[in-house]
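The following pair of complexes shares a single chain, chain A, combined with chain B in the former and chain C in the latter.
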Partner chain A sequence: MSKLKKFKNTQMLIATLPLVALIALFFIFCGVIQTYGYRLDIYLQIVFNEAVVLAVVATGAIFIYTLGTFDISLGASTLFAATLGVTVYNKTESLALMILVLFATGIACSLFNSVLASVFNIPAFVTTVAMMSVLSAIASQIITTDGGALGGISIPSSVVEPYSGIGFKAMLLIIYIAVCFYVFQLTKTGRRMKFIGGNPLCASLTGIKANKYTIIAFTMAGIGVGLGAFLTLTYTPSVTTQTASSIGMNIFIAIVFGGMPISGGPRSKIYAALVGGFSYMLLNDILEIVIDSSAAYGITQVISALFFMAVVYITSMNYRTQALPR
Partner chain B sequence: MKKRFAKLISLALVGVMSAGVLAGCGNSNDTASAAKDGVKIGVLVADVSGEEALGFRNYYEEYIQNNYDVTFEYTDALESAEDEKAAIEKFASKGYDAIISLSSSDRAQQIETCEEYGVYYAIASGVLDDEQYEQYKGYEHFVGQIGPSNETEFEAGKAMGEYYKEQGISTVAIYGAFIPNPMHVYRAAGIIAGLGDTYGGTDDMNGMIGQIFGDQAVDPSKIEGDVEVVAYLQGYGDTTTDELNAAIQKAPEAFLSVGMATTFFAQTLAQNDIQFADIDSFTEMNLDSMTNGTLTYLAGKYSSSIGPVFALVMNAVNGNVIRDNDGNAVSLSQGYLVATDVDSFNEYYVTDNGDTPIFDKESLDTIIGDAVTYDDVKALVESK
Partner chain C sequence: MIMSEPILEMKNISKRFGSVVALDDVSLTVYPGEIRGLIGENGSGKSTISSIAAGMQKANEGQMIFKNKEWNPESMIDALTGGIGMVVQESGTIAGITVAENIFLAELKLFKNKFGLVDKKKLYEEAGKVLQEIGIKNVKASDLMGSLDFQERKLVEIAKVMMKKPDILVIDETSTALSHDGRTLMYGLIKRLKRENKSVIFISHDLEEITTVCDTLTVLRDGKLIRTFEKEEFDDDLIRTSMIGRELQGDYYRTDFEATSQEEVALEGKNINYGDKLKNVNISLHKGEIVGIGGLSTCGMHYLGEALFGALELDGGQVITESGKEIKSCHNAVSQKIGYVSKDRDTKSLCLEASIKDNIAVAGMNIFKNNAGMITEKNEKDYVQKQVNNLSIKCSDMNQLVSQLSGGNKQKVVFGKWIGCDSEILILDCPTRGVDIGVKQAMYQLMIKLKKQGKAILMISEELPELLGMSDRVLIMKDGEITKEFNRSKDLSEADVIGYMI
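Let's look at the complex of A and B:
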């Protein structure tokens, strides 16, 4: 076998590892559930509900990461969108208006970041960290002022009950992933984003305007934020200051677990967040069940971190080579 | 190439072995509980390290579990309404009989989730506000709530403030813990009122708490009155440590805390010879602080104060769902006990410690059974 063929085979093997890991984790999860006497049907719903919001927001975030930049404020944007959505519903009692506000807020927050990053050339790290603080603070102010002694704001559960089923959520997830897949894989826009992420200078010299694609990427992420906020409300129709607080960091983990390099570029994969998000939640739940949390607080996080580093090491083998991506 | 492939295989093997070991090692308690036929109760907790939380946990896991055919399983620290709902669903998926809640991100959601899964539910710390109680009091699986009401929290803070005002204190620092946590908001407002001060021009409870919720903190510039609040801090972390040092520089005559001062600040306050007051529980650590003279006022719950809630849950699981005289879920308020010296502290601490809690098996047995009524439970709770 030629060296090139061996190289290609190894690359293919490594590329399939995230999916193999997801399948392996699923079977381990099922085994653990049976061993510890939990009901598989209920627990699968729990995992799905935990993972679906992360998968949706992280899939939108992939457009941003592909450009070689990132947005750490997506969790705060989700909280902010949900807060405004609930506030608007409580004032108007209109579900349609609430959904409109969720998406409009998500896109507006994201676009604001993109304008700061692309027009004013402020580093994304600075703008998104600042936005994370600002959005969290405004949302907290609204929640604590309106929520008062309840500690949170909410809409009646009957409003979102028709949309809380797994089937409906799965349908939304599939539609959103399909749209993202189309834009990312089958259009000029997606290919150019990968080009910009891989080599911005070359992309610029070939006449590609990075600003335009930055705005498109952040808009796609904003749609993910709006959808994530809606899915959050269908699970728990209340918003507290801690709602969606873990999403910002979990997006990193989901994308890496899915086998995509954080640096973006041509090796970016639109399905990485879906695969990684579900893998991460399965791993978390497996560890939560098998490890006695009272014995050592935080041990599940330590083991998750070790897995995370192992996954980064394995997947990075794919791009720690002298060869150009193919 | 071969070297990289070997590394890849070895890492994959390590991963598989780790997963196998993890799946095999397990939680012995879980395995035991699965095999046991007794009542299984899940406990929702937001605070896993505070003195009060540890005291409660010790009472359930060490005393109640050893005296009744029951298994308790605690959650990790729950941070949001989503965490709480997922935790309830996980307990339900393991066939748990009931949930006792010490976590309050979204109690309404907790009740609705328990109702959905047919799991009994009770609140052991704090209570629903009046509107929420009216909404959920008729739910089949909502057993009830026994704990300090918001008004009781305000009164506990107020009594603390009044105590120091009577002692002739003229300058204080206030620690607001985790404001806007409602319990801490009510206590902080009570302290200000007790000191004889006003907040934003009012000393009315509702007027004060509304402003504190809006400010998300106590704003010292809005406090006016005889006793000067020279410093205010809340939260915990590096910033709070700096703020504590800044507060100490202002030499307050007393440091008044709405909770967890012992856990966070007792050592620093003792080093600087500043007396402090706290709303916490009667634990060994607080006894040490009171013995060395630093802790001069403690409004506390005793660890076994969550005993009657357990009794309500046991009765419900065994088929006797106790209702009040109007046919609604039980709602009883518990007050705080106050200690201002070692003797009064010991009175509650010693009698509630270890194998001899205030709500011991003998007293709980009087409210666990098929014939127990609401009046029996009410009488016992009010007697302690």
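Let's look at the complex of A and C:
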């Protein structure tokens, strides 16, 4: 085999590792469930319901990460959108209005961040950390005020019952991923976003308006937040202060598990969040089943962290700089 | 040359980057007090062999002996401490910190006061001495690195290496980043090192410069050592033939000596003002014309290029195209079919971590998108492959990362980006910087072809021969102003021009 072919094969192998890891985790998960004698169909539904929200929000977030920036407030935005959606439904009993509010809130939160980042040139890290606190606080205030002793607010489960099936959620996921794939891979928008992430100065000197694409990226992420909030409500039609609380950090993990560099740029992959989101949830659930006690929660986290670092090391072999100018 | 014990012996060095063989069994010996030149086309392995000696990377095979001991530096700092320092081809400094912090980057602990904080006053004093020691006058130790121009950053890098008093100094294609003053300073340092019986490995594409500066000259081609010339054997034609493996055929610069252009003004700058860098500059560029801008590095010509491309917020004046459209931003400029090649190629003209395909395609998507506005793989590949073929870009395939290309091939990618999208006006800032003689010739011929097609070209250059050899008009700048204009003529010489630059 020629050296060139061997080199390309190695690169391709590394690129497919996240998918291989997902498949391996799936079979391990099935094995663990069988070993413990649990019902596989029930557990697969649990994993799907958890992972679909993460995959959707993280896929939207990829547009932001591709630009070389990030938004840590997406979990809080999901909580805030779900809170407003439930509040509006309870006041109007209109599902359509609730869905509209979910998406409008998600997009508005994201756009607010993007305006601060692109127009006022405030680093996204700063604005999104602030937004995370503000949105969580407002949502908590609404939840504790309206929810009272229940500790949460909810809508009747019958409202979202028709949309809680795996098939419907899978269809939503596929449509959303397809739209994102189209924008990301097949339009000038996605290509330019990757270029901005790779070298913003060069992008500017190539005539690319970074502000425009920052706003588009945050809008796409906002749509993901709205959809994520809807999917959250179809799984559990109630909202507590803990709803979607871990999504902000899990997005990082999902994207890296999916084989995309966290720094964004030309090696960004739109499918990374889908692959990584499901991998992470499978790993998490495997560990929670195998290490079955609350005292072992820390061990679960440590193992997840070690796995995370191993994945980062292996997948980054493809994009670490190996050559110098000759 | 009187031979003593070699100071550095590199034996049978091989280096591979993935499938690319950068060095194939190369042996190199350097003696104390020797100025060793390395020359070869882009991608021949010059930077690779010297960077292995300087600890930037490790060889896959081979052995190094330095000062009679096995030499395997772990890093550039390790190598510099041991006695081999290198000034790299592209930027080797950090933009967000001061000059002093760059110079003493790994040694800030030396300046800690009793509270454990860095004593800035002492740091600046010491850095100031280092700058003074090698004769850098325009740069202050407290200046932010990002506020310096490319030449000044290079000089700081030289100071940083020289401070450690290396036994061997490697200078990798640095002179094209320097103006006349900067080059004079660098040649002075080389002479001083020679007097002190220290050695220099000097990499340059400028044959005249390298044969003047060096005692011996090693030619590399495609990762192999072709021949080493002693001073008395230097012969320009023989060296050129060794470099490219054949005789250089065809024209180099333009062979006509008549200033020609079309009547239409493609781009016009009126009363352009930008701080003290550009003062009331008026310039017009006609279709089918090559206008050369020359001057010292600090004369403002690089700012003029950026101003005409809409990359600067001007204090006054305007830039207007033939259609009357005012250029106020880079976006405006690109939509008016203006392309800009920066002197600072790696930072401003390329996305290094992207592929050749990504870099070329990014400016041409409006051309190869399909009727539905979609970017399809096939259209994109066809578009990029055409540029790769037309410009003879040396690569394994179009998906190869730009960071893995040599300087000349990187520059071809930048050209491909702007030519592919049918730019009508090209602003080229030092287009042949760090480019070998073969690629230079190809680029000059390309410019002639573009001129014939009616494209307007503004070429900013610190190399007078190429300005005189290629331009219909040469405008000389000094202190932010255009001081003189020369029309193309057979009789125009460098001596006629230099007086207006200094």
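The rule is simple: the second predicted complex is superposed on the first by the 310 of 326 C-alpha atoms of A that agree within 3 Å, B and C clash if a C-alpha of one lies under 4 Å from a C-alpha of the other, contacts with A are read in each partner's own complex, and residues count from 1 in each chain.
In the analysis below, contacts are C-beta pairs under 8 Å (C-beta built on N, C-alpha and C of every residue); 3 or more make two chains touch, one makes a residue touch a chain.
This is a predicted model, so every value here is computed, not measured.
Contact with chain C, but none with chain B, is seen for A:265 once the two complexes are overlaid on the shared chain. Of the two partner chains placed by the overlay, only chain C lies in contact with A:204; chain B stays clear of it.
When the two complexes are superposed, the chain touching more residues of chain A, out of chain B and chain C, is B. When the shared chain is aligned, no partner comes close enough to touch A:121: not chain B, not chain C. In the superposed pair of complexes, A:158 makes contact with neither chain B nor chain C.
Of the two partner chains, chain C is the only one that A:195 touches; chain B does not reach it. Of the two partner chains placed by the overlay, only chain C lies in contact with A:187; chain B stays clear of it.
Look at A:291: by the touch rule set out above, it reaches chain B but stays clear of chain C.
In the superposition on chain A, the residues of chain A touched by chain B in one structure and by chain C in the other are 3, 6-7. Residues 16-20, 22, 42-48, 51, 56-57, 89-90, 309, 311, 330-335, 340, 342, 347-355, 358, 361-363, 365-366, 369, 373-376, 396, 401, 403-407, 410, 417 of chain C are the ones that touch chain A when the two sit in their complex. Within the complex, the chain A residues that touch chain B are 3, 6-7, 10, 13-14, 24, 28, 31-32, 35-39, 42-43, 45-46, 49-50, 140-141, 144-145, 147-152, 154, 157, 232, 235-245, 286-294, 297, 303, 307, 310, 313-314, 317.
Interface of chain B with chain A (complex): residues 1, 4-5, 7-8, 11-12, 14-16, 18-19, 22-23, 25-31, 34, 48, 74, 76, 79-83, 85-86, 89-90, 92-95, 104-106, 108-109, 112, 117, 129, 132, 150, 180-182, 185-186, 209-210, 213-214, 216. Those residues of chain A whose C-beta lies close enough to touch chain C in the complex are 2-4, 6-8, 185-188, 191-192, 194-195, 198-199, 201-209, 265-267, 319, 321-326.
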